[in-house]
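Presented sequentially are two complexes of chain A, the first with chain B as partner and the second with chain C.
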Partner chain A sequence: MLKVENVSISYGKIAAVKDVSIYVGKNEIVAIVGANGAGKTTLINTIMGFVTPQEGKIFVQDHEITSLPPWKKAAFGLAIVPEGGRIFRDLTVKENLFLGAYRIKDKSKIDNKMNEVFQMFPRMRERYRQIAGTLSGGERQMLAIARALMSFPQILLIDEISMGLMPKLVDEVMEAIHSLKSKDVTVLIAEQNTNEVLNIADRAYVMQNGLIVMSGTATELKNNSKIKESYLGI
Partner chain B sequence: MGYLMTLGIFASIYTILAISLNILTGYAGQVSLGHAALFGIGAYVSAALTVNLGFNYWTALPLSILITALVGALLGLPSLRVHSDFLVLVTIGINFVVVALFKYTPFFGGPYGLLGIPRPSLFGESMNTFEYFLYAVGWATFTILFVYWMSKKYIRVAFEAIKEDEEAAEAMTISVARFKIYAFTISAAFAGLAGNLWAHYMGVIFPGNFSFSKSIEIMTMIVLGGIGTIRGAVLGAVLLIFLPEYLRFVSDYRMLIYGLIIVFTMIFIPSGLLGDRSITWKWTRIFKKGDRVAKNNEN
Partner chain C sequence: MEFWQNSINVLVLGSIYVLIAVGLSMIYGILRVLHIAHAGIYTLGAFLSLSIMEVTGNFWIALILSAIISGFLGALMYRYVYKFVLKEERIVPLIVSVGLFITMQDLYRIIYGPYKYPFSISIPIPYIRAGNFYISPLQMLILIITGIILIGLYFVLNKTRIGVGLKACANDSQMAAAVGVNTKLTIALAFFMGSALAAVAGTLVGVYDNSVYPTMGSTVSYKAFVVVVLGGFGSLKGSVIAGFLLAAAEVFLVAWKGFFLPRDAIGFLVMILFLIFLPNGLFGRKER
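Then we have the complex of A and B:
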């Protein structure tokens, strides 16, 4: 579904991502875990097209999309929940959701999707006409996911969704992401909160200093004490 | 009476100008301190077409709007590369360049400007001041209605998204570049219209009419009235046209007072007199459901 081949990115002299290759299969949830500054966000931003890699290639279902701009990548079914959610705080929940559906011309399709999204996040229906800036932290993250889903993505890239959320809300958000599996959405999620994300992921890659240092199924990684100590700090 | 008519014509023209800057700055968040350049282009194009090339007013009108819109689209290109404070500097520079072009191009009359710009004629007779007043008010009304209609459309939400967070907008697959150019083009078209109305009312235009201080004047109008709203742009334009005429000292210290208005509005009522979040606007809404949240819940 999504394939990243030997991608390297550097900001000036600083190499942020070094020769990284990852693969995400259809309907999988794959996590990228690692400490701050490991290169997770850079990798996600590169896949979405905010950053152009110096080396390597990115494919979606055998189409090369390496250096397309984000709005062209969206046509290949990619959508992103950016770090911190980055909802439009001055706009209403409704307007945020409509912006997510920007590419969709068919109004009935938008309405159907909206209903589907409301089933996942009932609170978004209650807050429909509210200014997004007045939502709570958890609700904002939900809105960020809901907004991304409005574009009918096949692959959803999620960056640090748990940042700044209280544990109970992290659980809730993770549960919502897990439920995407049944909705035919493939997920690549970068996350510092290793424990939580390994509970919902199928597989994971461990990043350190821009390199993939380990990969495996979520259960393998969770039970490997060496990984826990050296990379995940749990 | 004729004097009041003239003020009414100026108020209409500045209403169009303020609303056009508001599309660019209030809606799409692209701050321009060179808006007078577009105003000038509309005026000069229409004047040159009618005076130098013998065009009929009714042909020159759409042409001047169209050409200003195209120039606006071109001037929007720098906004794709530079942001916020840098864009402001670029627009100021553009204002000076455009004024210099008028000044040093003989075709545009050089420093003496263009003279003898005809009034539009209706049924073979050129409009008198009263007719021109109605004509200008008609265009101002059209502008208000058009922009109101536009503000209910998707394009407005896209503008707001770009204003708030370009990267997030891009992540929503909104082509930031395209909507910025739209904002510049639509804004320029209305500035061109205002320029056209100005030139054909005054009959004479000079490069100095469209200088940087004019840009500040337009900006002061929307800042004072309430940036991002049509009502604010209208109020700002009407206030700043009528006030100096009735308070002589205001007119003597025009630029000083504009400067002070910007400073004090920004510090004490950043969303202007009638901005969505200003106290003064909320006072006027006491008997209705106050804030935007409540308003949104109604519909």
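Then we have the complex of A and C:
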């Protein structure tokens, strides 16, 4: 579904991502874990097209999309829930959701999706006419996910969704992401909260200083002594 | 009676301010660039209308063609000038913009000479008069055109995909691109619309004052800046309200006999006070 081949990205002289290759299969949830500054966000942003890689290639279902601008990547079914949510703060919740469905022309499809999203996040229905900037931190994250879902994504990129959320909300959000599996959405999720994300992921890659240093199924990694020590704090 | 007469003057003057400032504010809202050369487009609009009018003899064709050509030129300015300096520090696009404005003004001087050209038209609008109160056909023309444009703009911004895309770009252009908005096209479109409005304003002022000249944009460039500061950078609603407020301040203060400053000083005085006490303007929000 999504393939990243030997991608390297540097900002000036600083290499943020070095020769990274990853693969995400259809309907899989794949996690990228690692410490702050490991290059996770850069990798996610590169896949979405916010950053252009100096080397390497990115494919979606065998179409090369490496240096396409984000709006063209969106047409390949990519959507992003970026770090901090980055909702459109001056617009209403309604406008944010409609912007998520910007490419969808069929009104009834949008309405159906909207109902689906409301079932997942009933809070969004209550806040429908509110300016998004006035939402609480948790609600903003929910809106960011809801906005991404409105585009009927095939591949959802999620970056540090648990950041700044209280533990109870983290569980809720992770549960929501897990439920996407049954809805035909493929997920690549970058997350510092290793413990939580390994509970919902099928596989994971471990990033350190821009390199992939380890990979495997979530269960394997959870039982790996090195991971336990450095990331799970057990 | 004098009050009502002055109110009409406020509406007319305010309309012009609004037409210019809305485009400036729209461009600032999306690119965070203070587009000084906007006033150059304003002058261009007036000259284009004048020239097209001479050829075709039809004011409406002149107005519309001038707006369209100026709009394209504005979009080209983004595509071939600003786009290359947007990633630099914010002072760089500002200096580029000032340079563009001076170049344009000098170009007009080279082409048209340092003269004032009369621009008179006859329009089939009756003179409205009731006692001492009157609205001239030209005033009526300005009010009607501005009214139509503002309603149209409101519709485009709030009811169309283009409008939603524009608002999204102004909020977070990268994220707008991620949901599928073609941001390059949208920004070019903002320049097109803003520049077309400036050209309409230039034409209307040229006709109203019955004169078109190369430096007619000089005061305007600063006035538009005042309006945008008052309204809050990037807020279109703010620009509209501030445009009329500034016009009201100017008209009523000048009409008041005890006021000793020249008219153009009022705007700057107000701007300085705003920058000190309310730097985000009436409707602006804090810059991140």
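Note that the second predicted complex is superposed on the first by the 229 of 234 C-alpha atoms of A that agree within 3 Å, B and C clash if a C-alpha of one lies under 4 Å from a C-alpha of the other, contacts with A are read in each partner's own complex, and residues count from 1 in each chain.
Everything that follows uses one rule, which is that a residue touches a chain if its C-beta (ideal position, glycine included) is under 8 Å from a C-beta of that chain, and two chains touch if they have at least 3 such contacts.
These figures come from a predicted structure and were not determined experimentally.
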Chain A as common anchor, with chain B and chain C clashing or fitting: clash
Mind working out whether A:Tyr11 is in touch with chain B, chain C, both or neither, as first, second, both or neither? neither
Contacts for A:Tyr102 in the overlay, against chain B (first) and chain C (second): which applies, first, second, both or neither? both
Determine, under the contact definition given at the top, whether A:Thr92 touches first (chain B), second (chain C), both, or neither. first
Where does A:Ile80 make contact in the superposed view: on chain B (first), on chain C (second), on both, or on neither? both
If you stack the two complexes on chain A, which partner ends up touching A:Arg129: first (chain B), second (chain C), both, or neither? first
On the A-aligned overlay, A:Pro70 touches which partner chain: chain B = first, chain C = second, or both, or neither? both
Chain B and chain C footprints on chain A, overlapping residues: 48, 50, 69-71, 74-75, 79-80, 82, 86, 88-91, 95, 98-100, 102-103, 147, 151
Quick one: which bits of chain A touch chain C in the complex? Just the residue numbers, please. 48-50, 69-71, 73-75, 79-80, 82, 86, 88-91, 95, 98-100, 102-103, 147, 151
Residue ranges of chain C in contact with chain A within the complex: 161, 164-165, 167-168, 170-172, 174-184, 285
What part of chain A is in contact with chain B in the complex they form? 48, 50, 69-71, 74-75, 79-80, 82, 86-92, 95, 98-100, 102-103, 129-131, 134, 147, 151
As the complex stands, chain B meets chain A at residues 154, 157-158, 160-161, 164-165, 167-175, 292-293, 296-297, 299
